[in-house]
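Chain naming follows the written order as A, B, C and D, and within any one chain the residues start at number 1.
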Amino acid sequence: MNTYGHTFRISTYGESHGPAVGAVIDGCPAGLPIDLSLIQYELDRRKPGQSRITTQRREPDEFEVLSGIFEGKTTGMPIHLMIRNTDARSKDYSHIADKFRPSHADFTYQQKWGFRDYRGGGRSSARETAARVAAGAVAKQLLATMGVEIYAYVSQVGPLRLETPYQELDLRQTDTNAVRCPDAAMAEKMYDFIDETRKKQDTVGGVVSGVLRNVPVGLGEPVFDKLHAELGKAMLSINAVKGFEYGSGFQGVEMYGSQHNDIFYRDGERVRTRTNHSGGVQGGISNGEDIYFRVAFKPVATLMQDQPSVNQEGEDVTVSGKGRHDPCVVPRAVPIVEAMSALVLADFYLRNQACQPNLAAQSAVASE
Amino acid sequence: MNTYGHTFRISTYGESHGPAVGAVIDGCPAGLPIDLSLIQYELDRRKPGQSRITTQRREPDEFEVLSGIFEGKTTGMPIHLMIRNTDARSKDYSHIADKFRPSHADFTYQQKWGFRDYRGGGRSSARETAARVAAGAVAKQLLATMGVEIYAYVSQVGPLRLETPYQELDLRQTDTNAVRCPDAAMAEKMYDFIDETRKKQDTVGGVVSGVLRNVPVGLGEPVFDKLHAELGKAMLSINAVKGFEYGSGFQGVEMYGSQHNDIFYRDGERVRTRTNHSGGVQGGISNGEDIYFRVAFKPVATLMQDQPSVNQEGEDVTVSGKGRHDPCVVPRAVPIVEAMSALVLADFYLRNQACQPNLAAQSAVASE
Amino acid sequence: MNTYGHTFRISTYGESHGPAVGAVIDGCPAGLPIDLSLIQYELDRRKPGQSRITTQRREPDEFEVLSGIFEGKTTGMPIHLMIRNTDARSKDYSHIADKFRPSHADFTYQQKWGFRDYRGGGRSSARETAARVAAGAVAKQLLATMGVEIYAYVSQVGPLRLETPYQELDLRQTDTNAVRCPDAAMAEKMYDFIDETRKKQDTVGGVVSGVLRNVPVGLGEPVFDKLHAELGKAMLSINAVKGFEYGSGFQGVEMYGSQHNDIFYRDGERVRTRTNHSGGVQGGISNGEDIYFRVAFKPVATLMQDQPSVNQEGEDVTVSGKGRHDPCVVPRAVPIVEAMSALVLADFYLRNQACQPNLAAQSAVASE
Amino acid sequence: MNTYGHTFRISTYGESHGPAVGAVIDGCPAGLPIDLSLIQYELDRRKPGQSRITTQRREPDEFEVLSGIFEGKTTGMPIHLMIRNTDARSKDYSHIADKFRPSHADFTYQQKWGFRDYRGGGRSSARETAARVAAGAVAKQLLATMGVEIYAYVSQVGPLRLETPYQELDLRQTDTNAVRCPDAAMAEKMYDFIDETRKKQDTVGGVVSGVLRNVPVGLGEPVFDKLHAELGKAMLSINAVKGFEYGSGFQGVEMYGSQHNDIFYRDGERVRTRTNHSGGVQGGISNGEDIYFRVAFKPVATLMQDQPSVNQEGEDVTVSGKGRHDPCVVPRAVPIVEAMSALVLADFYLRNQACQPNLAAQSAVASE
């Protein structure tokens, strides 16, 4: 289904070249003041046309609140954020109406549903993520009331990998450059690499790293709905993602247990760990340390080059390079990774409230 | 919740040292003949005590069918598979009743619920995966009626990495050795490495690779419930998993789009791709090619060494190395990865039936 | 949550005096031709201002399709139907901003969420049902492809009860009068009764009966999600509903089993029952006979009379009779009961597809 | 699915003549002391063979706790309560293996799944409700910590209807007689009526009334998951139920709004209503007044008389009166109605915790 979350839940809708995309948030607690400009801020971070290294499609990505917010505060009812599509040039796509673009969803959608909206990939377009970003901006405001901080940044573009650990970076610098890499020198190299790739009419992949700070202890569920498992699903659900690792990740494989174990110690009133190979999650549940993870994005599938393919009739055809697309997706993926992080945490936060047995206190309130 | 799946759904229960663990499968179609010996076969692959490199806990892991199977066939009602715990030495754990073992769930469980079954980690123990393996063996039998083949194997132990692509391996050789690596020479090296690690009273991580063949075109959902996103969640929900990648994975990051794109061609009645960087999934939906992925497991947290820690009162304590544990989890993780793969595919298979208005026509295409 | 259904699922949003109400349908199969005029037709049946005996609020209730329909057919993606509110006179409600109207949701909403949109009851207003009716019109079109017929009609207004069994009524006559009672003579009496009640500035209750024909055998689930249980929930979720009964209902209580049992017989290729006290549902699953049920609606709570009450501060206040409201809700409830019936059946239809291992064989039986 | 509830969730399994029935409770808060004897007490109230007017099947209905309770308290993990079937005389049913018993689920199960466990109705048997009663006994203990009181009683048997309002009854007298009617004189009449019906080898229906006291204000959700809608679904999901009404119910239809509205007044710190036609629920949410409702049960379908029917081949057959069954189901239905009430309230109680925005207090706790 087009829905994510159990208790704080979002449902999105909309196609790349339909009238609108949007998200309906269900389960947000009432009485939360919402700063609409923060929603617009996040949409602006994701929107196309930000620089030479992003797609030239022009969408203002302005949203409208259709429900759930009254006098500046949430009411506990579904919050609907709608974003009209304005620069939908459907004619750009008539040439591929029956062709299967390589490594796109054209073939699988056609086979699964037997009928598809081919314009710009329809629902499979990353345009859908605008709705996630808007919803995530609400989740961020909920989490901010608890002091939770959510950061993502570009840590790799093609072969250019930022080796500096996140602890040594100033994550507030991420948005100071078009690449969204908090290391200025590396950002410049990455920018040039993407721009050269664009000039070659090619595309390249990258990695977005996430860091979630001040997450309360206790978020996550045992067994299937572990915090990192839901984070992984949320990240893998973003267009073009091929991999997810958290904490020590794939590199932890090569460590001995005696190196990898995070030793507990007491720090004032808190129990903390001296290292954080666990990535802030133990047994599927947040332990209060920083949650960190890496998300791999493949190179964008739409090229400005001709490619051979087949059409719905199984005939050989050529897919020619047209349309407006990103040479590298990761700069615009940063707010999406943050949004999905916020949605995962908000859901677990509310689920955790439900499982807490503060019965006495609660009933005292409820019976008044 | 302790439930996985939307339409083919399993719920598991049970603690490491409680009376039993088990799974209730809901949504399995009726009339499916079940070979109980195949369930036992999978449980035997996962059970402890198989060789010198696995834990010496002795559990026969025999199961009982409490419902849902009548005269050898499924009835469409919940199928309950229960496995009694027999070798539950709870006294082994009294010494850690109030201590937080490093990189275990002791601390987070204590904080989240305020009360925990400390015996062997309670529900956080990998013993719970026996229930998944039993349920997965039912899902495998459902999928086998369509010809779907599910393989997993050990592709890395600590620094020892099998570089051979899965296409060049004979995956039926996986169970011919205790490590479950289909390359005999590498298996031997891995065995020795694990055994040496064990002798050092240490533990080490590894990677399990999965290969899913003959998966029908069309499994998976758009947006949030993409096939690879659910696979990722399912794998990340297994104890000790730190990362998941499919198809080109993290390495795909460094490729150009012109290298990475999988070119379509016609092969008889089928549309296929010349390469498979997509890992059998495009736009979140299976395209009929092999689905392959890699799952990273951290080194087991329980060591036969003393480690410093704190207890529930925040006092400094020593966690001493006791109990019976695996020096490396990946050999026994192979059937778990297969089981979770089967559960994911079975669920999507049934979900796909629901979304098809013209199933007959579709299956004709899909089965080719 | 503001979502109904498991596989064919709708989510609604919107407040009485907010910018819009609407529904997002998820899970509708692809390739279904949609006649938009049939959606408008159902909205027109529900909309206010149809006659002297309905509220004088003026809403054109025109809808916009924002996603999920392309070139006249469903795509399998979420279908978003949005209805703008136009005649939202919020000022009408400022006088009750902090007062609790008797038998409305004002008090409970205030207590539960601590903050509420008081304009016209906000989300608790029956205006939300416009979204259900629009979504139900899509479900009806899905069901029509199988020949399912969905009827509802007014069978009681206050003390005026139509005793004629549904089998003896011509249900196509329902919409020939403003009351929506298929018996013309009774409709006239009911109309006069409602109009007199209106002149007395009072309101009155009523009963809507539902009849679902040609429902395939096999819809419904065992145990919790029985077909009649979901129908009951769906009906009880409509504003002002106080009771639900199906088949013999409360009157069946007084029968002996030997009278009540429906005897099976063979009618050509079908197995049928000679009587239908079961109301078309046995063991929670449709048996192919007509499904029929009755839904009790209380008198509308908004009166054109002054009533004593308290406000949020607990002070005594007077709620004066203002606003625009229906003296009796059942005429406009008829399309809502039909819409909810269609949503329940569509969901079970798709769920049934998922649970069938041999759909082709089954549909042969079911379609007879 | 065989699961009920969103946050406090139960899944049941088991057939009438299989090895066991049982329930897995997921989402129960941790640290709740469980008195196992109270679970047995409720099972004893439901179990067969209690008196001459109930079935003579002999089941001790003893349960085993397989998980989720440790040292007398819940751990937050799934609680599995298993009840072995002991007096399963499967041979009693071989004579109806291919016959469709009138007004049973035999026909619909056969058509839906194509294969069924015919022994005693398999899963469609009311034996499944033992699992609900066990789970409900846990929910009751959770609710008891808040002072919630749950009562059900027999208010009608065939034509014998107890007209006394529930407020004038001493509901603690319910279990003092075999009928479970709190009015001793009426109970005696009902007993005789049921016994005479039994002697005539017939069966008769009845009504169970429910009264839920001290329910906190604020339980329930807007729109689809209204408290009374979920209560209705829960009751309608019980075997043999044909109708549900709450508060004024079907009789409220005949009232004017000016009679029906419940006027608010201030009673000390509480806001209360002078009448309670709302049945304790307004806008789908509890308002703190007593919740009351009535549930209609049809006469039991199994008769000790021969009845004509058809078999799976469509041939005319006779279903002869054998087996052990109740002449009237309502005395044993009382604990089932209570159990389902408890499950509904427990779920809404936890859902309400999740939607409460006590962010500041919560984060203070969580961050320590």
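Simple rule for what comes next: a contact is a pair of C-beta atoms (placed from the backbone, for glycine too) under 8 Å apart; a residue touches a chain by one contact, two chains touch by 3 or more.
Note that the structure is a prediction, hence the values are computed from the model and not measured.
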| item | value |
| --- | --- |
| Between A-B and A-D, the pair with more C-beta contacts | A-B |
| Chain at maximum distance from chain C, centres defined as averaged CA atoms | B |
| Centroid spacing, where centroids are CA-atom means, of chain A and chain D in whole angstrom | 44 |
| For chain A paired with chain C, centre-to-centre distance based on mean C-alpha positions, whole Å | 38 |
| Chain A and chain B: spacing of chain centres that average the CA atoms, whole Å | 26 |
| Two or more partner chains touched - positions in chain B | 1-3, 12, 27, 30-31, 76-77, 112-114, 123, 222, 355, 358 |
| Residue ranges of chain C touching chain B (in the complex, touch as defined) | 7, 27, 29-32, 76-77, 145, 222, 350-351, 353-360 |
| Chain B contact footprint on chain A (complex, rising order) | 1-4, 6, 12, 100, 102-105, 107-109, 111-114, 121, 123-124, 128, 156, 158-159, 197, 200, 202-207, 217-218, 220-226, 228-230, 232-234, 236-237, 242-250, 252-266, 271, 273, 277-279, 282-287, 294, 296-303, 305, 307-310, 314-316, 352, 355, 357 |
| Partner chain B, residues of chain D touching it in the complex | 1-3, 9, 11-15, 18-22, 24, 26-27, 30-31, 64-68, 70, 73-80, 82, 112-117, 122-123 |
